[in-house]
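Several structures are given next for inspection.
Two complexes follow with subunit A in common, the first pairing it with subunit B and the second with subunit C.
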Partner chain A sequence: MKKQKKYFLNAIDLVAFNMELKKILSYPLEFWANTLGLILVNILIPYCIWQAIFKARNITEMYNLSFNQFIFYFLCCYFVSASVLGAMSKGSISQEIYQGNINKFIIYPIQYLRFKFFNSLAYSFIILIELIITICVHKLIFGNQITILAFIEFLPTLILSTTIGFLLVANLELLSFWVDSVWNLQVILRLFIQMGGGLFLPLFLMSESIRHFLYFTPFPYLIYYPIGILTKFYSVIPLHHLLIIQLFWIGFLLLLAQSLWKKGLKQYSGIGI
Partner chain B sequence: MIRVNQLNQQFTTYKKEPGFRGSVKALFKREFETKFALQNISFSIKPGELVGLIGANGAGKTTLVKILSGIVTPTSGSVDVLGFKPQERNDLYRSQLALIMGQKAQLWWDLPALDSFLLLKEIYQISDAKYNSNIVLLSEMLQIKNLLNVQVRRLSLGERMKVELMASLLHNPSVIFLDEPTIGLDFASQKAVREFLRFYQKEFSPIVILTSHYMKDIEELCERVMLLHEGKLVYDGNIAGLKTEETEKKNALCYYNKTKIADQNEWINICLKFHIHIEITKWENQELCFTFPKSSLSKLVPLLFEHFDIEDFAIKDTDIGELINARLYFSSTSTMI
Partner chain C sequence: MKRYIILYTHFLRFSFSKALHFRVDFFFRFIMDMIYYAVLLYFYDVIYEQAPNFGGWSKEQIRLFLASYFLIDALDMSIFANNLWMFPVNVNKGDLDIHLTRPINSLFFLSTKEFAASSFLNILFTLSFTIYAFHLIPQKVTFAATVLFALLILNGLFLFYIIHLLFLLPVFWTQGTRGFEELYHVSTKLLQNPEQIYASPLRFVLKFFIPLALINSVPVQLLFDFQWKNLGVLILISLICYTAVLKLWKLSLQKYQSASS
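Right after this comes the complex of A and B.
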């Protein structure tokens, strides 16, 4: 074995990313059904709800946002949350622990969580491509105001929020070393990420006290703020503040994940598997 | 070199009473019990040895393999493999070992094997030259050249096992753990895997630890066997050594046309007169099966032909599985190692 040089990115990371990408693309029907089906559902649901609200109140704007801007906000929410929850879509870490498939990763000379992170980035990469196409199509049809600069500012926040999302999911799934099922906890975490991230209701429509509470959690920094940076539909904290807060959460969750991984492995018995 | 000294492994599992009441009770209070998977195991394995690890289900074979490969941290005792403590999961150690579990796939199900091989090339930092030569060598030896571009999930069980073997050996490991590599395979595939393993071991001389329930695997590949029973090492030696005076018996199977012997007891008594202790296992429809000590063979055969009008007849060695059972039975009354 050659001594591996330590780079920010190494060949294993790229192969892990590449393999997952190939895996996703190896089932074309599932890929297109997921892509087009989910986009359609995520346009239709907010469209129906918010059309009813706008019609009932007989208004053309709410909180300085037009109906089209609301729909575009929810569409962006869908893409960002899909990127953030990319790793959770397969529940892979917990399944690997429960079924003993983690054994092969323990004997490989690699860092398991890093490998899984680059696996999950493949999902996020596809979502990013879909988001770019959606923005372009939306700009052509509805003429949104998203600039290239706004997108460049948004990109690092999306990468960091995807990392936080992965670590949140990974920490929860690592509990599988101790508990028999984490499925319910996954559902609860998903709801917290989606609600706290503004997927169901933008945070500016929530009460002051709820918003104040959410600032102390990682959730608003996953979806709501990055979309604010991209769309400029509502005021958000300055970009550098957002990046610092995101980096803080990554540091904290990374330390927690490493600790859980080490402790989990110490008592992992792989009994019966 | 593998050195294991006074190795113990305990597992804690929780007990739940059956039924709804038990489920509700378990919500508030759980009862735990400790199980001993391995107890005071000590042995050493020299470089280039191929050792068979045998025993019934739950005997501790897979647990021992998991400890040696670093998957499971032992409760107590010392384990040294190639100068490393496996539980520390040193990268240099992990890059020298391979684990093949017949019941667990390590290749990526949705991708062709070559894609998984490329990942393994990066994981083990295999040079291009070594990677290419190993791909050619192993695929030719296993006769799977045309399968490497096929999605793994589309391969048959036997083909998949060959591809798994190839994946595990790409980096030329110094220690190979084979946990039931022939499980579920048909006879031809089992034979092919065995032949490959024999050849590979001869060619590259890694330490190989093989667990299998197919005694043919053990008989054909291993000179040394370790027998585990309820977490204890009850035998460590060659296969011939499994045979004791009590266990070394032969089986006789006879088909006859007619006989003057009235019943089983009469035949047993006739044999006893010649100091042959037999045990009849079947006697019906002119078919007679019985076991007898190997040492009595020369006296027994004329006796058999004298009292039976034999149509067909066969004598075979005791199956190794039966030897193990007999060994385990006798180990409960005497200490073996």
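Right after this comes the complex of A and C.
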């Protein structure tokens, strides 16, 4: 029983989660203004762009998707990407390495990356609640076809894509042991996730060669496919295939992170740079 | 004025010497921006495949529109952005004190002390791209219109900085560590599209309240379709913004408590 607690979920995980949740909500005015503003702008921009395109072509459907479905796709994209990218803004791994602040984590009986992962889940949890509320409101107003079963199928894909997102960022931030600045790399990764994940454009609008290349990267499995599972707007790979691919990327990135962490610690001076 | 020019040359010297110590940052910042530009250009390529007359803009016009946005962004990243990123944290921790006691304009010092030398290459690249995009437009453009365009782009840069600052100044009241930084960043996405695609109420907001449309959309539009009314609005709103930010800065300093939050 003790062994299971150690490896599955323990009190420190919950502390890490709660701590970050309190931190996020500690300045309520900033939190609500940023949250509502982000949602509003992220609806407005795709709405205006796709309205201009639908108007210019004088059509009601494009690639078998109505205008409302397009907007709902981008709305879901915003939430899923926010959950996946949440770790980016909250992740302070590189800062802690640069400032020599990981010393305490080395001394304490805590797994550092695990602690950070539960930290980042706090933001993703808030996003999940926002997504559920949005789907319900959208269903009431526009009557979308999202079923409870589709949402249950979507949930594990979202959890796994959030985990992949965290590991991608963590691997990049662990490079801080060797490199003097990683925030540029983080922005590059963010752009790849947004473009390759279908946040800017649905993948079915991209050229065949780009799509083919993207299938060999983790990016489409972070946003585009999970939303496909949720909305059923376009054909995607079967759920079990998606889960297997996501688990493969988690395994690969986890091994890489552990290796970087071990090698980095040998390099780490303890006083920062 | 001379004192400020001398001071700024010192800032530049320090920044370039610091940048040479962080060569990886220098390299990756350039790569980062190139990828960012490529993503936006590809995005518009796909959009124009779907709608060749997007928002009433031709592909050549949209290329110049994007080029001017890239140029303003590169200038902002080099001159102001690095200084403003840490601004809310400095207010929150009470770290402004040392800057406020210096015998120069505190806003000038806080906004310009760090020049991002690693973004300097991007200025050169985006300037070349803007000139290239300018040459590709089929319409004949007069010399006067070209000069006006250059001046309006410069004005756009200052508006960009002012709007960023306006999103951060509420931190003096909220005492947070971020201000409305996230909201600002997401709002700047509105800059990436010509204002004509937005609905009328939003266009009104983007011209008169959060004048993002005046940064690059209206200047490019004036180049192709000059209207005194639009130029007048642009100058008037810019002047209001410059005055408002100075007044708000003074008001914010009165609210500043020096204490760490």
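Throughout what follows, the second predicted complex is superposed on the first by the 262 of 273 C-alpha atoms of A that agree within 3 Å, B and C clash if a C-alpha of one lies under 4 Å from a C-alpha of the other, contacts with A are read in each partner's own complex, and residues count from 1 in each chain.
In this text, a residue touches a chain if its C-beta (ideal position, glycine included) is under 8 Å from a C-beta of that chain, and two chains touch if they have at least 3 such contacts.
Just so it is clear, the model here is predicted, and its values are computed rather than measured.
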Quick one: classify A:Leu265 as touching subunit B (first), subunit C (second), both or neither. first
Look at A:Ile129 in the shared chain and tell me whether it touches subunit B only, subunit C only, both, or neither; answer first, second, both or neither. neither
Where does A:Tyr27 make contact in the superposed view: on subunit B (first), on subunit C (second), on both, or on neither? both
Figure out whether A:Leu255 sits in contact with subunit B (first) or subunit C (second), or with both, or with neither. neither
Between subunit B and subunit C, whom does A:Asn103 touch in the aligned arrangement: first, second, both, or neither? first
Counting only touches as set out at the top, which of subunit B and subunit C does A:Gly37 meet: first, second, both, neither? second
Contacts of A:Ala11 with subunit B and subunit C, given as first, second, both or neither: first
First, second, both or neither for A:Leu247, with subunit B first and subunit C second: neither
Check the residue A:Met19 against both partner chains and state whether it touches subunit B (first), subunit C (second), both, or neither. first
So the subunit A residues that subunit B and subunit C both touch are 27
State the interface residues of subunit C toward subunit A in the complex, per the touch definition above. 21-22, 24-25, 28-29, 31-32, 35-36, 39, 42-43, 46-47, 50-55, 174-183, 186-187, 189-190, 193, 196-199, 202
Can you name the residues of subunit A that touch subunit B in the complex? 1-4, 11-12, 15-16, 19, 22-23, 26-27, 100-101, 103-104, 106-110, 265-271, 273
Looking at the complex, which residues from subunit B come into contact with subunit A? 11, 13, 37, 66, 69-73, 89, 91-92, 94-99, 101, 104, 106, 108, 110-111, 115-116, 118-119, 122-127, 151, 171
Parts of subunit A lying in touch with subunit C, wherever the complex brings them together: 27, 29-30, 33-34, 37-38, 41-42, 44-45, 48-49, 51-53, 56-57, 62, 89, 179-181, 184-185, 187-188, 191-192, 194-195, 200-201, 205-206
